[in-house]
């Protein structure tokens, strides 16, 4: 019993992870954590353990078009924005954001670290909107292109 | 703030869920919980909150061939079997079972309820092996067929 | 023998089809034909029978990013443009355009109708470039958005 | 004009192909042809040019569960079996076999070579039934397992 196993990551290892990330479009974005799925070789579904310090934020308010995403709060307290409304969230609360239906963002508005699991599907090709920044992101494998939402026109209306 | 939202499920609702399930092939299997993904409309990725009482077990030792699966322990303590080895697991431990690579099973071997999140990808077609029962399950959408592992022959060897 | 069958379409029916289409961005585009895959209930792969009159063209020079496409010439003669080179094509010639790798276009430069089969994969989300028109098309299910290629910026360079 | 191009295969090359194949379960199966999709780098959709000599047959009567398949007759004449009925088929006839819905087989019952295009989607994991041989084939990537249809039992009925 208790040998090391490539498919098992212990709580202490997870909490000690010093991988950090921040979204380049939000100067207040600050996350630390571990890609649990990558660490264990999962390729078809994503799950990460994330900690956001007090006063900091996860990414930036956005809407995925193809990827489902979810968040489960482990400890701390925060404010979730979902489709332009705010909700106080705490330990044991779950949020599911179906592709194309729920723009969202999460901020640590409490006084201790906000810890949560986040996950979802991952697609080789993805579209995401950042409505407050007026941007759409087009991701193809590693490559990312950005367009202003105001530069997207209707197929019928546009005659090049 | 704090209106109800179709994409947010509160901790109290989750813990009060009285959906229960047990695997028909394991008389000691007993789970209570909630399909968090279904409740919020996620279609591409699955996540459930599950509680197994002391002395009881999750499903039955099995290996998925197409679906990735993972477990994150929230509270309680248990014994995970992964590829025929046993591991004591507790709060904050994560297990990832890549499709085709990690047969697994989880038993509550502690004295309090074992609570965990489990999730993964979900496929319309799936194969899963139950090596200790000598069975392979073929699932097509809702339909499930069962064959004995000993009844599966090699394509070249079989000449009907 | 020779009952009607929902999975079989006779040559006469196919040739008599009066479905027609033209690409709105090319005034010289003119096609007549039948979606053979739709008619027989195929959902995962597309194949159509197409006829282009002398002097007319198929669509407009373009590159798919996610969908593979192919063309097999049945009768007549034409000029195919593939990655900015021209090729004379005739009966029995096959062209395969792997996603992201081969921009293409087909014109009837002969004196009789140019008949061909065309097919490929079909995706719910697709990106396609029209390099000579300086446009990228983003298709999500039925919805189509258009952006100028010159309006797409690099993720790192763009700071909204 | 008329340089060689990796995305274009000439009629002469195709017709001269000496790749041949036969289905191991049908001693009368005999095909010669070319994987047009592989030759041009298509990964998401399959299309082949096939010739079956007089008196010979394509594969063996079967039903795919996940892959769509289609056949377009180029020349010669044959007999198609679709869901246990026979149809005389000739040049220009199209058959589409949606996954799970149309068991099929093709024999050259004429006096000249039967030439056709066949194609469809290709899946890494596939199930196919050979009802006249009482077999189900389970294909995972390259690996193929075979079970007798009579050895498949219902999930609820089977209690290992």
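All chains are identified by letter, namely A, B, C and D, in their written order; residue positions are counted from 1 within each chain.
Criterion: a contact is a pair of C-beta atoms (placed from the backbone, for glycine too) under 8 Å apart; a residue touches a chain by one contact, two chains touch by 3 or more.
All values reported here derive from a predicted model rather than from experimental measurement.
Centroid distances built from C-alpha atoms place B farthest away from chain C. Put simply, the C-alpha centre of chain A and that of chain B have 24 angstrom between them. Separation between the centroids of chain A and chain D, computed from CA atoms only, is 44 Å. If each chain is reduced to the centroid of its CA atoms, chain A and chain C end up 37 Å from each other. Counting partner chains per residue, chain B has no residue touching two or more of them. If you draw each protein chain as a dot and join the dots that touch, you get one closed loop, with every dot joined to exactly two others.
The complete set of chain-chain contacts reads A-B, A-C, B-D, C-D.
Across the complex, chain A is touched by residues 1-3, 5, 7-12, 14-15, 36-37, 39-45, 47, 49, 67-68, 70, 72, 79-80, 82-83, 85-99, 101-102, 104, 117, 119-121 of chain B. By the touch criterion stated above, chain C contacts chain A in their complex at residues 24-25, 65-66, 100, 125, 127, 130, 133-135, 137-138, 140, 144-148, 151-156, 158-160.
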